[in-house]
Amino acid sequence: MAEEKEYRDPNRRAVVNRLARASGHLEMVRRMVEEGRSYNDVLIQLAAVKAAINNTGKVILKDYIKQCLEELAEGGDKEALDELNRAVDQFIK
Amino acid sequence: MAEEKEYRDPNRRAVVNRLARASGHLEMVRRMVEEGRSYNDVLIQLAAVKAAINNTGKVILKDYIKQCLEELAEGGDKEALDELNRAVDQFIK
Amino acid sequence: MAEEKEYRDPNRRAVVNRLARASGHLEMVRRMVEEGRSYNDVLIQLAAVKAAINNTGKVILKDYIKQCLEELAEGGDKEALDELNRAVDQFIK
Amino acid sequence: MAEEKEYRDPNRRAVVNRLARASGHLEMVRRMVEEGRSYNDVLIQLAAVKAAINNTGKVILKDYIKQCLEELAEGGDKEALDELNRAVDQFIK
């Protein structure tokens, strides 16, 4: 099995910030439920957190594809494609 | 427009705990990216957080439906259905 | 277990038409792949079919909730809620 | 802008068959609604069609990534990555 690719892409810092924002947003939804806010308000915000996480996953997947392409263009091993395909399967539900 | 329904269902405590766990899990993913963990590990965990949030949304939606049914059975106003439908549209993407 | 609710809502005709359109659209995507059209064109159209099916499912779920509320308001059995919850779980992935 | 990649992968025949099956399945759901089958039965089958379409999209995306990697390894143009990223954005909702 190909050696798993470490996330070294320059985009990494932007992804960490996205995840921090999504984490804060999710914390806010938790407090909304605790305070007994309306179902509609809670579900709207929860859908927004879900979308933010989904978009972050797309950024990570694209960084992964980019790193694979670059390494392959420099003669990297083709087995890396199997690992990448595994990630596509894992993330797209 | 019907008055928005406050989330008073006994399930609420369980939902608050679910959201707290999902929040902790998302924090863990943030740290994984910060530490440069592999793309696969990060995407697998992010997919798990997304699923946990989706399942929590389903619990909230079912609590909402239950509360609507109960209030309607006691003569509550039928406009509540419009608010509930809005929640279905908002959450199912 | 509550008796399963037959889909008798007046909306039914509109849902049949939605599904017919989605079916035609999916057929078109199949032909695009057969003709060797570009990956991007195929994936864009496939995402559109997926969205159309998702939206149709939301219409059906809302019809189902409406029928449950109406029957409950006329003294229908409360077990119907379990069947409705099963549908929420089945459809929201 | 990079020239869009035609879907020439040997997998194409398998994808055409998948889409034909999903199309037939969607047709079946349309008839179920027409015949007034239960909401639960209809929603279960519609969720199954949605999953089949999603899985087919993943197969196409992986074929696309594979073709990009192969062409890049033979000196193909790097702009192809932008087109591939557009497909990732389009399909993962």
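What to note about this one:
We call the chains A, B, C and D, going by the order they appear; numbering starts again at 1 in every chain.
In this text, a residue touches a chain if its C-beta (ideal position, glycine included) is under 8 Å from a C-beta of that chain, and two chains touch if they have at least 3 such contacts.
This is a predicted model, so every value here is computed, not measured.
Inter-chain centre distance (subunit A to subunit D, centres taken as mean C-alpha positions): 21 Å.
Averaging Cα coordinates per chain places subunit A and subunit C 28 Å apart.
Touching of two or more other chains is recorded for residues 54, 57, 61, 84, 91, 93 of subunit B. A ring topology is adopted by the chain contact network, closed into one cycle in which each chain touches exactly two others. Across the whole structure, chains are in contact as follows: A-B, A-D, B-C, C-D.
Considering their complex, residues 54, 57-58, 61-62, 65-66, 68-69, 72-73, 78, 81, 84-85, 88-89, 91-93 of subunit D touch subunit A. On subunit D, the positions that touch subunit C within their shared complex are 4-8, 12, 15-16, 19-20, 22-23, 26-27, 29-30, 33-34, 36-44, 46-47, 49-51, 53-54, 56-57, 60-61, 63-64, 67, 83-84, 86-87, 90-91, 93.
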